[in-house]
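Chains: A, B, C, D and E, in written order; residue numbering restarts at 1 for each.
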Amino acid sequence: MPLLQLFNLRKDFGGLRAVDDVSLEVATGAIVGLIGPNGSGKSTLLNLIAGSAERTAGRIIFDGDEISGLSADQVFQRGIARGYQDPSLYLKMTTLDNALLPVKSQRGEHPWYAPWRRFWQKQEAENARAAAGVLEQVQLLGHYDSLASDLSGGQMKLLEMGRSLMGSPKLLLLDEPTAGVAPNLAYEIFEEISRLRQQHGITFLIVEHRLEILFDFVDSVYVMHLGNLLAHGSADDIASNETVREVYFGD
Amino acid sequence: AQDDIETYVLGIPLPFTGSFGSFGQDFERGILLAVSQMNAELEAAGSNIRFDTASADTEQTPEGAARALQTIAQTTGAQVVVGPLTTDEVLGAKQFADENGIVIVAMASSGPAASIPGDNIYRVIYPPDTFSSKAFATIALERGHENMVVLHVDDPFGNGMNEQFIANFQAGGGGEVASFGYAPQSTELSTEAAAVSAALAGFGDNAGFFCVCFPGAAQAFVQVAQVDPILTTVQWMGNEAMTTLEMLEDPGHAQTLINANFVTVSQSAASTPLTPIFNADFVAMFDKEPGIFTNYAFDAANIAMLTMLAAGNDGAAVKSMLPFISNHYIGTTVQAYLDDNGDQAIASYGIRKVSDDGTAFEVIGSYNGNTDTITYN
Amino acid sequence: MITVDHLTAGYGKLEILQDLSLAFAAEQFSAVLGPNGSGKSTLMKAIMGLNTIFSGSITLRTRELIGMQTEAISKLGIAYVPQRENIFTELSVLENLQLGVRILPRDQRENALNELFELFPILGRRKPQKAGQLSGGEHRMLAIAIAWLSRPTIMLLDEPSAGLAPAIATDVFNILKELSQQGITLIVVEQNARRILQHCDYAFVLREGRLMFDGSAQACLEDEETIKGYLGVH
Amino acid sequence: MINIDLGATAISVLTLFGIYALMSISLNLEYGVAGVPNFGQALFVSIGAYVAGVTYTRLLPLLAGMESVHPCGPTMGQALQLRSEIMATQPVAGFINLALTLVIAAILSGAVGFAVSYVTLRLKEEWFLALVLLVGGETVRIVVRGADDLICSHNGISSVAQPFYFLDDVQMSSILFMLLALALALIAYLYSQRLTHSPYGRMLKGLRENEEVTRGLGKGISLARAQIMLIGSAIAAIGGVLFALNTGFVNTNDYVVTLTLDVWVMVVLGGIGNNRGALLGAALIAIMDRVTQVAAIALNMSGSPIEFNYVRFIAFGIILLLMLRYRPAGLLPESRLTTIAHETAKRLTPGKTI
Amino acid sequence: MPSSLLVTSLVNTIQIGSLYALMALGLTLTFSVIKLPNFAHAEYVTAGAYAALIISLAGVLNPLIIIAVAFLVGALTAVVSHLIVFKPLERQNVSLYTLILASFAVGLIIRYILFTIADYFNIFDLRIAIPLQILFRTGSLILTNLFAWVAPTSIVLVILLTLLINRTALGREMRALANNTILARVIGIPVERVKNYTWLLVGGMAGVAGALWGLQSAVSPLMGWAAIISVFAAAILGGLSSFPGTILGAYVVAFSENTIMLFLNFSYGVDLAYKPAIPFIIIIAVLLIRPQGLTQLLKRAGELGR
């Protein structure tokens, strides 16, 4: 059974229909690309799935349960984490704290336990080790106690990706993870994505414009245009699809 | 010789800031005048005692009054203070005064909440409002008002005055009274004026109006009332605080009060041979006219100093001696005589109206609170 | 045209650029490349007077820029498109563009806007929309448009193609090419390095605040060090 | 003639510091750490005071095994004498009454804070919340001022004595009260210090930085916000109880917007998000208040024609501005380190590079 | 409620609402352009009122001159407080709440300077002595010369300001500055000059509001401070960034303080002393029911109109 299914999802902003009856599926363990011209509704679609925007109509099924209508925090608890197109970090907090915040069921996060360190100290140290591991992967361990506001644009992108991973998601929604990232690192990010899929079985739905990298890693690709799904298929299919070439590559 | 001069400090906790800031300033001047006169006399008499003052701002809150009193006492060792002003502030200062044996000589507080026997609060000179409210009720009845509309400041003073006025008015055979409170910080009273006017209209003829207001609000009220078709046709009474000279600065306002046959019942109007001397001395020292209550502060300061001359700079002794001294004191207002609660028991008021040329308030009679009789000149 | 000489600059007490010297030639299309955090954006901010300069100089022709107010620098004909927060999100798209043309003489403004709408028809369609509601790509187009509308002689662009769909990215590169041909001096930071190196004349590669490489675009693509440390082999 | 009684001064200032510290710690938790702009600080402080007004008039006589007397109206004086007498002669009743007052005040105020937080959930705009709390505080004040029975409307309740009133030695009794205030402030400080430096504190900071993202990271932010309002409001009300006992008088005129602003000054001056800063801010305000007042007395005594009670505020304003200008992050900026995680990470970081 | 009361209270609503609008617009302008909820705003009002009072005591009774002087003094106070305090602070990039606190301190300083001046000249609780005259009267509708000054002056200023902000290049630059200061610098907007203009307008309008307020009630050093909560309420009701919203907010606040309060008093016996609380309660209710504030409402109305 697919991990994520969308049925006739729709989103209107006033008069503008940003997402128009989109139905799609993401198989468990797959890396699925979502591409399309600017303004075609990709980010909005991710927002709908993550529960941070309210849908106008349609249904979202995740892991067998209907999650349409759940709030963003509930969706996250079910196992869907997301990255933002414009990095949304906690700018006045350290890199490490950014990474630690999303960890689920932290005992020290309960106000009654929080004052008593022995309830949470051990768990916190474990989490810190895990966070250090993730930061290392995104080349930010050296910056663990810098404020996020002091990172460069690309570093912010990387930190955000690392932060999402800390929530141990089943499905990770990424909005242009490599925008602004150095070429060698961009490739490494996708290698990392691929490794995560293999080792932890995480499923990915990725919006990306750097197709030369994306196409090397995806199992399948959806193409959006003006809020609609225009095409679906393997990377090769899409690359050779006439209509897609026209609206997206501008050929 | 200079060396053995002993200085007693008189504390002055008053609201220098807040909406009564100008009262605080005036009161302080009254006290400073009393102190400088006293010091001159002491020097002339060869006494080795001198008075000094220490003033602190109560910020017009009860807790601020407590802090002011604390600071004065702990900074200068003062055992006697003249002030604070309102009943709230007096009560705020009460606990510290009682515990530390500091005597509070308040000159203008008149709310019933501070009428407490045995504590360190003495409210000399200014009698509780039970008397003046009765005077106003008597005048209203005498003027033939069947119903009254009261606009009062919504604080312990205004509410107390209102309640007691209603009780006295109705006990004397008066009819219904409609009262409106205005919030103490109001700077603008057009809503209130509209409501008062409507209530007066509802009562029909023979209704009178009684304003228990502070100067700023009173001005704002008269400003709107002067074009009101109803308020300009009824008779008015008002509390003493309304009778500032600023009130008459605008000829339109003065005329409104003249037309309304405005009268006030005020302690300060009662005068003794010392009153004009005080006025002259005040002008000589500060180059401005004293405010309406300034001489109360002057008298209170004198009572405090006289007591200290007799009892020394010692709170407990002053507390024990103060009723005796006040009961034998005549200053610029009236005889002071304290009841069991330490409050002024003699109520001798003047009745005043606006002079025909609209430039001053003039005395037209008097009211004896202890016998409840009005006499017109 | 712009000469950076022994520049040490950064934020607060933090030094990011270390004794950096380089020169951007007039009418040239230069790319500034380098790993994330290497100081590319910092260099641009330094030119615009937006961060702390510890030592060194930056001159436009013969004019010293260090110490000048940002507003004054922009009046010298330098337009800058920051990496982030590069549009007025609370204003409408049209108002953003009007601010772009504000320094042009009155009679040229209308024309400039019309030309722009030909170049970016999508912005024409979004005129009354609040700029903060644009999609990522639209956002970036608007940012470039604002800068371009002031008809600068030098443009500094911080990652103009990031987040753009290939079709638009191609357009942007074409526009850059065209601007360069019109004689505008272009200084562009890009992470889409291979792509920009096909268009630009000259490249600088920074690493940890120092210059690692400078030379023609072609030379850069072939430079071993650069490939290893930055471009990657893919 | 200045003749400062240093001992007594120290006791008053330290007592005031303890009370202010409770208020500033409360606001620092709510605003400094969690970003909830509580402009209703005066409200929560006043709840403590009003509870004291009620317990001292209704509960205390019961605890002392006496018939309670209606505290307002004609029996006002009688009720006052009764409670003074009990406080002077029955210390145990006084202590139990205080303990109950603190508990009731904390629970009631905490519940109000919690409820307000939920009621105001729909207010997305940070400023709307500030406004609602600000005007809500004033509204409650105006309503209580008009309510006849609660604390006798305008008249207030006097002789709400502190629990050591029974001692004959006034100095000793005020020292003990000071210690009580300091002890409660210390407990509040230690508690909030531990809250801040825990994963919970980290989550609150996340909430402060960006609600949307925090929600997206799986945190139930409405509950978190309500919890911190509960904790903060409870601490503020404890401060309010002591505030009332220190003056011995409960009256609505003390709980005005300026009190809220003073607490804000403490927090911003000391260092937003830093509990030690909150303490420092409280200390500075308590000291500055006294120092400027003493200076005003001294200068006025020296016969200067200018009114130093005005200059006092002008000076206070200027000092505040100079501090803000030269120490904008507050005197003690927020620490970057939240939990032990940073030590763990440090150990795992090979030679840190920037 | 008798209709005569209704008419009187509506006249009051217009008069007071116009004054609130004048003050609140300045507040909104500072908040949106300078990003500062300025508590010192109250004191610009008081400064204007004292300026007007002092020249009226000196014998100048021409309302136009009085208003002009009040504008200048208010503007001067605002610009000076900007140059001495806010500008250096902004340079340091301090937090919003530091700025709020600074504004609180600035207000305190101005307020007590005014106290000192008022104490020195002994001018507490005086009114600007332009005699009140009835210009027009039918039934219970009474319009005075004061109304003729206050309402139109405020309304005209409000309209001019709104046009300036929304329709002129300067207004656009102000809004751009409000939105993104760095970018504004980058595209060459003379940021400091635009800010100075903003402060000039803000202070000037507050000063005029003070003068008009002083025509209507007594001038005291606390008058601005006493009105500031209503004014903040008006501005926040408008969402703190929308000018039409702010104007509507000002009239809503004035309407609740006058007409609604009178209605409640008349029909349900609610004491007038609750007047300061009633608008608060209404504000809270409005905010809870319409969390977007009134701006959204206006937008909706605008859309319907289109």
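The rule we apply is simple: a contact is a pair of C-beta atoms (placed from the backbone, for glycine too) under 8 Å apart; a residue touches a chain by one contact, two chains touch by 3 or more.
Bear in mind the structure is a predicted one, so any value in this text is a computation, not a measurement.
A.B. asks: When you check each chain against chain A and chain E, which touch both of them?
C.D. replies: Touching chain A and chain E alike, sorted by label: C, D.
A.B. asks: Just how many steps, at minimum, does a route from chain B to chain C need if it may pass only between touching chains?
C.D. replies: Counted as steps through touching chains, the separation is 2.
A.B. asks: By mean C-alpha position, what chain is farthest away from chain C?
C.D. replies: Farthest by centroid: B.
A.B. asks: Report the chain whose mean Cα position is at the greatest distance from that of chain E.
C.D. replies: Relative to chain E, the chain whose C-alpha centre sits farthest away is A.
A.B. asks: Between chain A and chain B, what is the separation of their C-alpha centroids in Å?
C.D. replies: Computed value for the inter-centroid distance: 73 Å.
A.B. asks: Taking each chain's centre as the mean position of its Cα atoms, how many Å separate chain C from chain E?
C.D. replies: Spacing between the chain centres: roughly 43 Å.
A.B. asks: Express in whole angstrom the distance between the two chain centres, defined as the mean CA positions of chain D and chain E.
C.D. replies: Computed from C-alpha means, the inter-chain centre distance equals 32 Å.
A.B. asks: In chain C, which residues are in touch with two or more of the other chains?
C.D. replies: 14
A.B. asks: Residues touching two or more other chains, restricted to chain E: which are they?
C.D. replies: Residue numbers touching two or more other chains: 112, 115, 119, 271, 273-274, 276.
A.B. asks: Give me the residues of chain A that touch two or more other chains.
C.D. replies: none
A.B. asks: Quick one: which chain pairs are touching?
C.D. replies: Chain-chain contacts present: A-C, A-D, B-D, B-E, C-E, D-E.
A.B. asks: Under the touch definition given earlier, write down the residues of chain E that touch chain C in their complex.
C.D. replies: 169, 172-173, 175-176, 178-180, 182-191, 241
A.B. asks: How about chain D: which of its residues touch chain E in the complex?
C.D. replies: Those in contact with chain E are residues 31, 119-120, 122-125, 127-128, 131-132, 134-136, 138-139, 142-143, 146, 257, 261, 264-265, 268-269, 272, 306-307, 310-311, 313-314, 316-318, 320-321, 324-325, 328-329.
A.B. asks: Given the complex with chain E, which residues does chain C contribute to the contact?
C.D. replies: Chain C residues touching chain E: 48, 50, 69-71, 74-75, 79-80, 82, 85-91, 95, 98-100, 102-103, 146-147, 150.
A.B. asks: Mind pulling up the chain C residues that touch chain A in the complex?
C.D. replies: 11, 14, 34-38, 41, 83-84, 122, 133-138, 141, 158-159, 162-171, 191-194, 229-232, 234
A.B. asks: So in the complex, the part of chain D that touches chain B is made up of which residues?
C.D. replies: Touching chain B: residues 1-5, 8-9, 12, 16, 76-77, 80, 142, 145-146, 152-156, 158-159, 161, 165, 170, 173-174, 243, 246-249, 251, 253-254, 256, 289-290, 293-294, 296-297, 300-301, 307, 309-310, 312-313 of chain D.
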